[in-house]
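My questions all concern the structure below.
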């Protein structure tokens, strides 16, 4: 009893291909047998949030260090492609000067512990302004305005711009670290357990803020987390790592709702549901 | 010569230091490591400067030594006496008469001339040390010109004090490339580094680093567009020579709060007083 | 005429590695077509695999075997075997899903939850806000709730937020997983209206409706899944809702 199709507006297939921002080719970095990461191969597309999940010791933090330019792999390539630029950048084939400039200006890294990403001895404003100063910004008034704007963006009181980070709570420090990282509008941001050390209520606020920033700034993110709830809220796609290897990859809800690999099933079913 | 080699150091050591100095002159503002020797005085009393002075002194040089601008402090007198004894060179307190001037914390007010060499005693040669404890990392930062953090420090000054409150060891950029610590001279003296006709040498004894600014080199003090670099100014004049444009020290004269301001450069002050007398 | 959605030979197994590799076949050889402007309602007893089918079509579950194809005006697209990242644009622009349960994001207001599908397409925030408020008003969600996070809302209120979020994007293919389950008659009628409007603009809809009255009013056809149920299985459709493994 099929019926004639009603006339409707033309429906065209949306452009499903997105530019590849980061092309990770067969990366291996081992400290010893089974320690580190092995044969990692994936692509991160523009505007995507990719979660890397796994238990501690699964090699996800090692992988993040390699991806973020902090540690050369034993084998494989990390290739960065700027949108609209035909040239590609092989992260570990370029010189250290170019790599560090890339990390400082076009990429960003958010550490689990804000102490690793902040200068604890200088004011919030100086923390936010540092990357701008590294870019050559030499106007104090503008640096200060940018500092206040970004503090507001990450829901910190702009009036506290001259306070040092150690007077801030853990969640505030983490938001300050994010402001400090995003102030130069990086294309690609790496996050290592960004909500790791925080209370649950503080986590929620941070997650919500990150979601908004990702959409507003069009960020591409590689997010390492052991927390599947965080992965579900933030990541579009997931890689599941175990013993240094990726055992499963796919859409976040597919991985969490219909896991295929035995390890992923175990991981997903081990989560306590309130 | 009392059993010492000329100017105390052995010739091998002087050659090594001269080679390092040549490298330093070739790369203005770059810190060159050198094999520092023990000098007959503790670190912090100018051993770095003394090794440089010893390496460049010739028998016909005329040496002046100042400490905080003064020729008559214990340290200046001792170092001057030391070189009189171990090198037999002529010494002077007159800036214009000296071919080599070793200094701690000041640049003479009297403009230096071509052919003169100023040797600075340096306690901490690394301008990035305040923010980065690792030597390996600071060397890399210099190599890659990662100097954003220098402005972080100045930013903090303005945020806390409303203006750049750094008054000594105010960082400079040399020949548009290396950021350098000019040693703890007052920032009042920073403009004298720029396009100086004299050769400027810097020696750090404890850290065994030396660096140089060759004559007529651009030296810029770091600043912000809206907070430009400024030197100290005084409302007072020198109580002795009435100079209105030299660096003044505040001297407490009695227990009742009496005080006056005098030139920190004793030679400059005396020569002005002689002129007007 | 070619259906907008064509499903051929679709099968689905759940392999439970924690249960010694036990394989549960929940669907075999399912085939049907869904045309634009029609609402096809899935029929059959609970546990027959209705939700599973919707989740496969939305990419939540992987298809085990068979083919799923969308017929766009500029050509066909096979959904089976698509790389994961291709689903981002597909879900944003083509395939909408209204589930029974709202996945609450802490601190995000009801209005923002509803606006999000439009913002994800880069829509103007004012326009998105207006349309979100219009929908929330139509669904009789009290205005004082709009700026509150739906975490503390009642089941029915949460569901209406979710319905607004599902319909605001006007996706060409809508998957409706019991959108009226806990609504009162007034709001059920609003949902029926929304479905009729979607039909009128040419959307293809596949739905699960337990409420016979609603089913009656929106269904153009019924599709019984009984014939495609694996014979070994009686009533063990995975009750997987928010997370976790299918329960065997």
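Going by the order they are written in, the chains are A, B and C; count residues from 1 in each one.
The definition used in the following text is that a residue touches a chain if its C-beta (ideal position, glycine included) is under 8 Å from a C-beta of that chain, and two chains touch if they have at least 3 such contacts.
Please read these numbers as outputs of a predicted model, since none were measured by experiment.
Engineer: Select, from all pairs of chains, the pair with the highest number of C-beta pairs in contact.
Structural biologist: Comparing chain pairs, contacts are most numerous for A-C.
Engineer: By mean C-alpha position, what chain is farthest away from subunit A?
Structural biologist: So the chain farthest away from subunit A turns out to be B.
Engineer: Quick one: most central chain, C-alpha centroids?
Structural biologist: Taking the mean of C-alpha atoms per chain, the most central one is A.
Engineer: Centroid of subunit A to centroid of subunit B, CA atoms only: how many Å?
Structural biologist: 47
Engineer: What's the distance between the Cα centroids of subunit B and subunit C, rounded to whole Å?
Structural biologist: Each chain's C-alpha centroid was found; their separation is 76 Å.
Engineer: Round to the nearest whole Å and give the separation of the Cα centres of subunit A and subunit C.
Structural biologist: Roughly 30 Å, centre to centre.
Engineer: By the touch rule stated above, which residues of subunit A touch at least two different other chains?
Structural biologist: none
Engineer: Which residues of subunit A touch subunit B once you look at their complex with the stated criterion?
Structural biologist: Per the stated touch rule, the residues are 96-97, 100-101, 104, 119, 122-123, 125-126, 129-131, 133-135, 138-141, 143-144, 161-162.
Engineer: Can you check the complex and tell me which residues of subunit B touch subunit A?
Structural biologist: Those residues of subunit B that touch subunit A are 131, 140, 143-144, 146-149, 151-153, 155-156, 158-160, 223-227.
Engineer: In the complex of these two chains, what residues of subunit C are touching subunit A?
Structural biologist: 1, 3-4, 14-18, 33, 35-38, 55, 59-62, 70, 72-75, 77, 82, 84-90, 92-94, 105-108, 119-120, 172, 199-203, 220-221, 240, 242-245
Engineer: Across the complex, what residues on subunit A touch subunit C?
Structural biologist: Residues 1-18, 43, 45, 47-48, 204-205, 207-208, 211, 215, 228, 232-233, 236-237, 249-251, 253-254, 256-262, 265-266, 268-269, 271, 273 of subunit A touch subunit C in their complex.
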